[in-house]
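Naming follows writing order (A, B, C and D), and every chain is counted from residue 1.
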Amino acid sequence: MELLGYYNYWVFAVVLCLGLYTVITRNNLIKKLLGLSIFQSAVFLLYITMDKVDGGTAPIIQKGVSDPIFSNPLPQVLILTAIVVGVSTTALGLAIVVRIKESYGSIEEDDILARDSEL
Amino acid sequence: MNQVLDVLSWVLLSCGGFFILVGGIGALRMPSFYTRMHAASVTDTMASFLVIGGLILQAGWSLATVKLVAIILFLMLTSPTSSYAVANAALLSGMKPDTKFKANKGGRES
Amino acid sequence: MNMYTIVLIAILVTMVLAVVRALRGPSVYDRVLAVNMFGTKTVLFLSVVAFLSGRRDFLDLALTYALINFVGVLAILVFVQRRFSVASSAKSED
Amino acid sequence: MTILFAVFLLSLLVIIAVAIIRAENLFVALMLTTIFSLLMATNFFILDAADVALTEAAIGAGITTVIFLGALALTSEHEKPFVAVPWLALPVVAVTAALLIFASFDNPRLGDPEAPIHQHVVPWYLEQTPKLVDIPNVVTAILGSFRAFDTLGEVFVIFAACIGVLFLLSARKPSETRCTAPASVGLSQHLIPKVAGRFILPFIILFGFYVQFHGDFGPGGGFQAGAIVATGLILFALLEGEERALRAFPRWIMMAMAAGGALLYALVGVAGIAMGGKFLDYSVLSSDPIAGQHLGILLIEAGVGITVCGSLLLIFHAFAARESF
């Protein structure tokens, strides 16, 4: 039971590294972006893991509940905005990929590099 | 009265749980795409109706009930619609339903 | 053993079954079906957990999914339809 | 009990992440990403972060899928088979994972009330929110009032990303006879989605407004509401086709929304200066400081919602309107 308290961190580490692995090894640019968003999600998970307090509840003050324990609202604020920012920046990445596809005819990195070295 | 409601809601919830499982197993075990979809989507609406119904009995008269009724209504509307969309997409891409009944092939599903 | 817990376990097992279906395929549409199933299960899971943890005002989340989940599936239909019509028009030009 | 559920869901998360990486068809990978996002939202909910879960729910299920599908329609959905053995990447990643797991034992365990993160400024926020801001949702209070400057930055990042997408995708393609792809008609030939979608559309918008204005009292706020309303309008575009959607809700309105919301936010800050306070200090906006806080949070949340909605819509239409060739 004691070790289960660290399970979230391990999942964070594994998912983060899976995302990193995708970004490093895959040639397909959209796959890279998917890997990047997995990486990002892992960071979100780390932050939200830290906000939990034993016996706590979401930080919304309820009437008639005396002496409530609240989980930490600060990581939630950070991640809440980060999720929306994340999707817009991913969209920016996708827009760049679309333009690359239009001028190179491919979204595979090795094809693009080959085209570049031809010039 | 409260006792009766409790028992009724437990019955609804456990029936819901049963249907959820049936749908899941059907989606896993059925032989072809359209049969799988049939199993999943038919039990989906039924199961969610039962589970949310059980929760409504627990909630009594409150804002939660209104939200639960809204959830049921929307699920009843969107879940068949998305089944339609999935089936239509599959059909458009040229996946033909298997109309011939294959009896006892491989002896697994009779 | 709480009744909610039993329902939750049923939902979780079905989530696993849906994930297995999503991983095995075989066709793309089996996976879409699995995603759709998973979405419905998430709505149920969230509403039951809201009751289990005693914070009933958090049903908003389940409501969000119930409303939004099918937009993604409709987008898939539009995507397939568009690709199909592009492919057929390219064929007719040949 | 809940912790066991969490462990279970997190394990599923890892499995799905592996499957996303292994999938060679990008369409399949995208479907799995949707499941990934659903799992993330459930985990956030179990970890007591209702606001974050609502955001993930509003973004992950609809908008992410739709934008990725738009990009896939313009590129290709097949990844080239993967041949090279990642002899360098694999050890690097494995060592990184091992280090992170090793370091995790120095972290406070999940739910430890003595953890350093719960000690510094957060008790002050929790204590002062009822006195200074007087709204029940502490997350909204921090987002809108205590750390409003932070949020202003985030809103401008979204705005900037939207401008970037427009820059990249609105330009005409150079030199080419554009193949006349059939104009996107949406789902107007499909009766069932059309009827059901038209029925549900007003409810999505209504729910968006509920989330916007109920954000002080429950989970919700401008970011979530903007995403939900944008999803509703995207649904309209899917049902009726690009052309009709843009006629009903033209691009200049979206641009005005994206810019106007951010402007409204900044103006509230400037109004604070003009009325003798500091930038984004709402207490001076009204004779009663608490009423001023309420007014300020209402206005900036509205600004956030309008910007998010406009930006996401512009991004969606930028992808959808660019025909593939």
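Note that in this section a contact is a pair of C-beta atoms (placed from the backbone, for glycine too) under 8 Å apart; a residue touches a chain by one contact, two chains touch by 3 or more.
The structure displayed is predicted, hence computed values, not measured ones.
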By count of C-beta pairs in contact, what is the leading chain pair? A-D
Centre distance in Å when chain B and chain C are each reduced to the mean of their C-alpha atoms: 12
Express in whole angstrom the distance between the two chain centres, defined as the mean CA positions of chain A and chain B. 32
What is the distance, in whole Å, between the centres of chain C and chain D, each centre taken as the mean of its C-alpha atoms? 19
Chain C, residues touching no fewer than two other chains: 18, 28, 32, 34, 53, 55, 57-58, 60, 63, 67, 69-70, 74, 76-77, 81
So which stretches of chain D touch two or more other chains? 50, 72, 190, 193, 197, 200, 203, 218-219
Among all residues of chain B, those touching at least two other chains are 70, 74, 78, 81, 85, 88
So with touch defined the way it is at the top, what topology do the chains form here? Options are line, ring, star, complete, other. other
Kindly provide every pair of chains that touch. A-C, A-D, B-C, B-D, C-D
Can you check the complex and tell me which residues of chain B touch chain D? 70, 74, 77-78, 80-81, 84-85, 88
Where on chain D is chain B touching in the complex? 190, 192-193, 196-197, 199-200, 203
Looking at the complex, which residues from chain A come into contact with chain D? 2, 4-22, 24-28, 30-31, 34-35, 37-38, 41, 44-45, 48-54, 56-62, 69-77, 79-85, 87-92, 94-99, 101-102, 107-108
Give the list of chain C residues in touch with chain B in this complex. 3-4, 6-7, 9-11, 13-14, 17-18, 20-21, 27-30, 32-34, 36-37, 40-41, 43-44, 47-48, 51, 56-57, 59-60, 62-63, 66-67, 69-70, 73-74, 76-77, 80-81, 84
Chain A contacts chain C in the complex at 57-58, 60
